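First subunit A sits with subunit B, and in the next complex the same chain sits with subunit C.
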Partner chain A sequence: MDLPANAGASLPLDPTAPTFKMPAQPRISKSSEPVVELLTNGQVKRSGSPQAKKENQASNAAQNISKPASEAAPNEEGAEKQLSNKELKLKQKAEKQAKRAAQKAAQDAEALDKAQQQQQQQQQQPEQSSADQRRPSNTGKAQPSQGVKITDMTTHHKRTADTSAKSLPIRPPTGFTSQTKEAEAEKKSPPEKKVTVFSHLYSKDRRTGIAGVSREIHPAVLTLAIQLRDYVICGGNARCVATLLAFKKVIQSYTTPPSVALPRHLTTHLSHQISYLSSSRPLCTSQGNSIRWLKKLVVELDPKVSDPDARDFVCKSIDLFIREKVTLADEVIAREASKKIVNGDTVLVYAKSSVVEKSLLTAYREGKAFSVVVADSRPLFEGKNLARSLARAGLRVQYCLLTGLGSLSKKVTKCFLGASAMMGNGRLYSRAGAAMVAMMAKDSGGMVPEFGAAGNVPVIVLCESVKFSSRVVLDSIVSNELGEPDALVEHEDDGIITPSAAQLQAPAAAGAKKGKGGKADAEEEDDSARRKNFGLEGWTEQPNLQLLHLMYDVTPAEYLDMVITELGSIPPSAVSAVNGVWGGEA
Partner chain B sequence: MAPDSGSRTPGLTSFLRSLSSEPDETCIEQFIALLRRRQIRHSRPCAVATAYLLRRVVAQAKAEPGKLVEAARLLQRVQEVGRRLVAAQPRELVVGNVVRRVLGLIREEQDNERGEGDISGLSSEVGIESGLQTPQIPSLGKGDPLSSLNGTTRATADMQALHTSQSSAGVDTRRTTQPASRPSLQPSHTTFAGAPPVTSMFSLLSHPTMSSPRSSPAPASPSGTATPHPTGSNDIRQEVIEGIGEIIDELEQSDEQIASYALEHIHANEVILTYSSSTTVQRFLLKAASKRKFTVIHAESYPNNQRKVHALVTGNTNSDHSDALTTEAFHKTLTSAGITVILIPDSAIFALMSRVNKVILSTHAILSNGALVATSGTKLVAKAAKAHHVPVVVLSGTYKLSPKYPYDPDMYIEYGDVSKVFPYQDGELVESVQVENPILEFVGPECVDMYVTNLGGHAPSYLYRIVRDQYRDEDVDI
Partner chain C sequence: MMADITPPTSHATEAFDIVSKYHSLLSADADLTPPIAAIESLIALLTASPVTTISETLDLLSHSSATLRSSVPNWIALSAGTDLFQRYLVQTLNRPGALGSGGDFGYLRQHLLSNGRLFVQRAKKARAKIADEGRLFIHEGSTILTNGGSRVVSALLLRAAESQPSGPRFRVIYVLPLSSSSKTLGKAEGEGQPTITLLRSHSVPVACIPYSALATALPLIDLVVVGAEGVVENGGIISRLGTHQIGLLARSAGKPMYVAAESYKFVRLYPLGMSDLPVRQNIIKFEPVDEDKEEEEEEEVRAVMDGKEKTDGAENDETDADAMAKRRQQGKEITSLEDAVDFTPPNLISALITENGVLTPSAVSEELIKLWF
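For the complex of A and B:
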């Protein structure tokens, strides 16, 4: 069940895949006597699956999906039989297998296997199918490898030959090969590809497919989980609202089973949804806070209230919550923040925050004459969306990437930052890079003509109180979220039109949603000719090379001057006081 | 506009190739065009091209039967060429640096010649010039040239000479010949003493060409300045060309020399953050990797350099890279040396800085106060390091050291192709948003804790000294 789901998922690194593969390969691997090994495998497996023997194709198809280990065993039997039929054709493949096996250099006891194989060979005719299965895997592996052993090949060919011939054309080798490749990569990589400092942040089953999901999970939650996973819904407020709305749907379609109290059962029902959600992407603070609120609300429901009434109440409360804590809060914050902007200001913002955007637009509507510097970074390029919407509204917008900040930040007179969370110790947890933006604003902003002199531009955080957390963090490493490292690989999609193609995608996909962010990068490249060489496409095969895609960082409280919330403007040191509103976080 | 790919594109290699065949004026024009079109860019290629070009210019400078001394003429010619080159691309500070070095060479030869020929007319000038080079000497030589304490003066002067020659050998890395040109001041002193052959054993040995034409140097030739001995003039050109050759050698070896200090600065198990792509840093780290195990965090410097960073990290050479000098270093990657390399986007620099032990950066140029003109984003890195109290080490050959003082830092910032940030296809954004893509950036000296040049490690406060040793004050403004 899980396997197909994983395969479907975009990510190349499936923790499951390698494990499966691993057992299969070692068996085969004995370099000295590949043939024998294969046979042994086949025998063993064959006993398990004798029925399938004749339907090669079917088996092949099955192989692709199924785990290699099971497949591996049967092939050889089939091979033996068929070799009489189509040896010639299949010799090549057999060779590949042999090489393959040689490379693998498994350690297993081969002698025993050989003996068994011989016996089996004589016996089996019907088991071809199983053999076929084996084949594909072998071939897939063999291609990358360079031939080592040819000694055993002859015997090998005979057994395997016919099966492979049939199977190969039919099979979709890609699936299988890719799987094997991945598996191989993972063999080496999983330890290496994880940055050790962050090993605690790598989640095992981050991406959950739809397959295998328990029935309890509501479709709305399923949808949301996928949207969250793919960064379709991104940003603290959006995630918070979307989560609440999804739960609203859950509750609307909820009926209390007989003989259970609604508050109790609904709570557990909700926690299932929640844990599923969090498996798709770690919950952010605003989500956590609102979920905590919702649970509390449900738990405190009067058990005597009828189902419909209770549902109604909860749904209304959710609406109210969204309105109060997000919509209205944003209004208040935007109004407050726009007061901080005066004519002639240059406001530095980073990435995208809905509140910041709203504040800037509010100030603009109020007739303030100011300009905005949007800083942005790879791979999400969220700032592009912000720049676009601000420019559409008519603001004067300058756009630069983080690297350009050094020279641009001089003109800045204010800095607005959005938040993913405000930590209990006054630190800001926000999109990776925000710390540097705040730092640059502090260090070199404010029209200081000379180098190094501190301009001390006010850095203002706009943050709804729903994003306040009582957690205390010191650095960005202990708690953080890791994005897909492959998002950092610049995909130069196909050929000549690359820039334009990437461009088309970039605004839609890359801007706010990170998943495809990488594609946006392709745009920059000047020449298509050298592309292939340049990218990071092969990084997984490169030993010792690790990619790190960090989603957030923590800005020290020293860089922040003010936090504007709907409860008022406070210094960062007062965040813990606001936390009282939420009664502390888990 | 951007330097594009393809082997046919003019660049350093094609320029150097054409250098031998074309007349120097054509070469100059060609180089200026290349500089303007940014087809030769980055410090080392510019420096190398300038050095080769100047060598050619010097070699082709004709001895004119006019009134000017050969050295002076040469000086004038190089100065004129230098001005044009610098004007063509003022942001490539190395061009000016190399021109200054060459001018310094010529001046030294000039001094030598004068020193041998004429004493009296020179004493003041020598004094001034020596003051630029070694502060102590002028007090001895100029202040009281004919002091009764002739012997002691001479002795100290000689000690000075030895001292300076040693230091200059280190400073200029002109291993053998540099000392030869250094003691140029000595003759004036020694001749005061009246016994040049004896006292300047050192200079005798080190100036075989100079002293051989006149086996018995005339104690005082009245018209020293005005004697353009044909032999002498030839010698000057020869000497200068040799000197330029040494500069070229230095350019080629500086990475290696810098790398040789790697083990002094990197300890085992260190976490090092580096930024952008630099062969200097790469070689430095590779050298350290030969002996130590450590971790490198490599920030990619988007959008101008990330391709090169990726190539550097993955070892995929970009075949079209026109600079032969840089490609060689691409062949070996740190990962292949067993070093764990973590590639991060620029946004993660601050987050990771708390785990970094040392930041190693390269630079485009260093100004006399220690400020850097470096790839954009360097300031971010340096400031983030500062915020975490992580030492910042800057690697740079001395040829990047410019005597300029940054009165107007913005002057050094170069802006690049905007389409790297926003592709032009995104019409709406391009029209409505002002996009900035600085390539270079000014980083104040307070961000740097140490400089490692081919002469070794220096504190920022010591840089001015290297500047003084390397350039003559007359040449600061070309």
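For the complex of A and C:
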């Protein structure tokens, strides 16, 4: 049984103290466990009996391991869809639920469970109906539940954090927690938790909820915004494609008001959508570039062209853009990059990039004999996804965290990095940690197969030209993105740090990531005992403790040997030249 | 860059032997460089063959470029010329109104040929321009280190000697590969002999050293000037074997290294390092200890010098035959020491002296992007 909320105040670092990341219900009583599972799994499942638990885990294991990548991807996506649905619904009815849950705290677990199921059914009905009768955004009052409709995305561009279930505890649906008691608790918490050097990166309105949104915002954009916010869609390519697809829907359902020219009005209409998107998560370079392209396209439309024709033209252009700049570009890059892999290579990659994955798989399919070292880091663990998909394909994969890179980098012969952006001065802007990986490869890297000499591993960046930026970046302080600091707080799930603990959890291995919903009550007791070992839970109450979660870093051009784009291979110094020729970001 | 040899489509062109044309051009004019010879042979091919359509022309060119490439062990310099010519052709064809008012292919062909010849003439003048640019780097009283048989470097040094008002007041240290005939100190000889004679005739003091004396000579010199066979996309150069080590030593001593190269030597190639070069040369050969090792070694040196393929002992016969078959499939291998090349990375190069001006290594990719995109 958890302690009451105010108990944490006297013990600043007590792990049971409330942190604003936890949803309201789980702390009310232990019988609210199914609610957690509802959140993480997207399914209502009672996990009371050990039998049921095992089944649950078995099914999870089957999902995670046995299926080949192609099948698993849609599966994962489905889970995410459900997930974000739940989030939305929960958010939408947050206060109602809080009240209900409080009442139900007195009742026994089964009753709660039933109620939960009913509630869910109730929620699903309006969602389906609204999805069926979708209307353009400018018809009357925008219903929040419209945003539940998910954009249909091509799966291969998707990148998610390790598992969908994992991403949730890291990234709680704070939109609704802010409306509950914890919001008040947060207000009371004395110091502002900002690291001064990075204070310019904290934005107040970052987490826009769905409430109070202007009626101009299209449901597709609302959906996308929430998916972006919760990292359901992450990675430069996926974000770029999803944005364009959402805008395609916006344009499809757009009608020009009387006495206004389409090029003029549509641009302002799009601007609203864009600013809403950027408030959910700062736009990345690929998004920015594609949006700039789209705006230019719209502005240059002939005002005399009729609405349907113009819409048709823009939508077709968007499809073409996605095809040329992302899909085909990736193919070309993968082909070029796979040429650089020779037999006997050990390729070091970091975190996850769709184009790096594609290149490695292409090289493998070409029959090259090489192995891969996947370096990864907390808290997103994106590399797990990559390691899994490569291993499934049959590649030899070694997985390590950044901390273990020192010993593994000795045998590395090449290093492939994905990019969020290539900057005008040839620097690479990528997932935090990439700079460290590049420097490790360059300075303490391995041996060239033919010569057996140490050092100087070629670092190759794979980057579509849509990610090229003309901005000059010198460090990763001036422009960066802050992640949720709570993600750095360790959770009970991460507890497998000793072999004995691993053995203990081995039967539950597959379910371990699914949160405590997958655990029996007896284990729960152990957990609460062990949880005391983690130190950062009450960091908000600790006045002299700040957490900083940076999302990106900048790798100096000296550490990069080559940038492979769909236009060819160029040295990092030529990024600006390519920008000039291709009229990229001016 | 084309990877594969396209199958021959027209047999009418068989009569014209592009390979022999290329070699005869090279041997006829000692001043001719491989890229220009390649372009000239392609022009000669176009003149000789009765092509009537654009696609036929492009096909013929790509096919014969591939033939030409596979006929020589080191095709890097050559491919700079053939790629450039093909690119130029495509650009000309894409230009609106390329076919003239009547849409006549014959007109276009004539235009191409005359422009191609113009290009060759201009390329030949490039060397003089580079010499003009480069002489400014050679100050009075300085000592210059160079290697190889680069015609551009030779022109540059001569131009500097002529232009200095009170006679040449600089010295040249020429690094030569140590050959078996010169065992006396200060008497190295090799590829650069004509340049050395020419420089001495202009009363420029020239010292000849082997590669083993590089570090000893280093404190004396003020700058390094080398030529290049090809300049790759990241600004690195492919040059005579040993240039890389000159670069490394110069860098370690803080001396600048300049590369004199015509811009038609820019290749669309991006090697990550020596092991990534598309030429096959077996420089480092691990061999088990043999009883009559010394004899064999001597034999080997002689064989290498003669440019002949060395066949190993009887026990290796089968594997060697396999390897040879493979080699034949992949193209020729560089066997002579004089033809062997290495790759000097751009970070060792201070600047490239081209006819378009003095460029930093990173500007090479910009020039190539301008040309290719």
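The working rule: the second predicted complex is superposed on the first by the 342 of 586 C-alpha atoms of A that agree within 3 Å, B and C clash if a C-alpha of one lies under 4 Å from a C-alpha of the other, contacts with A are read in each partner's own complex, and residues count from 1 in each chain.
In the analysis below, a contact is a pair of C-beta atoms (placed from the backbone, for glycine too) under 8 Å apart; a residue touches a chain by one contact, two chains touch by 3 or more.
Just so it is clear, the model here is predicted, and its values are computed rather than measured.
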item	value
Partner chain in contact with A:G568 - subunit B first, subunit C second, else both or neither	second
Partner chain(s) touched by A:P257 [first = subunit B, second = subunit C, both, neither]	neither
First (subunit B), second (subunit C), both or neither touched by A:K384	first
Comparing the two partners subunit B and subunit C, which touches a greater set of residues in subunit A	B
First, second, both or neither for A:P308, with subunit B first and subunit C second	neither
First, second, both or neither for A:S407, with subunit B first and subunit C second	first
Subunit B/subunit C common contact set on subunit A	450-451
Complex interface listing, subunit A residues touching subunit B	192, 195, 197, 374, 377-379, 384, 387-388, 391-392, 396-408, 431-433, 435-436, 439-440, 443-444, 450-452, 475-477, 480, 488, 490, 499-500, 502-504, 506-507, 521, 523-527, 529-530, 533-536, 538-539, 542-550, 552-554, 556
Residues of subunit A touching subunit C in the complex	340, 342, 414, 448-451, 456, 458, 460, 561-562, 567-571, 573-574, 577-578, 581-582
Residues on subunit C engaged by subunit A in the complex (per definition of touch)	233-235, 268, 270, 272-276, 284, 346, 362, 365-366, 369-370, 372-373
Subunit B to subunit A touching residues, read off their complex	2, 4-6, 300-304, 306-307, 310-311, 313-320, 334-336, 338-352, 354-355, 371, 375-380, 383-384, 387, 406, 409-410, 413, 417, 419-423, 425-426, 428-429, 432-438, 441-447
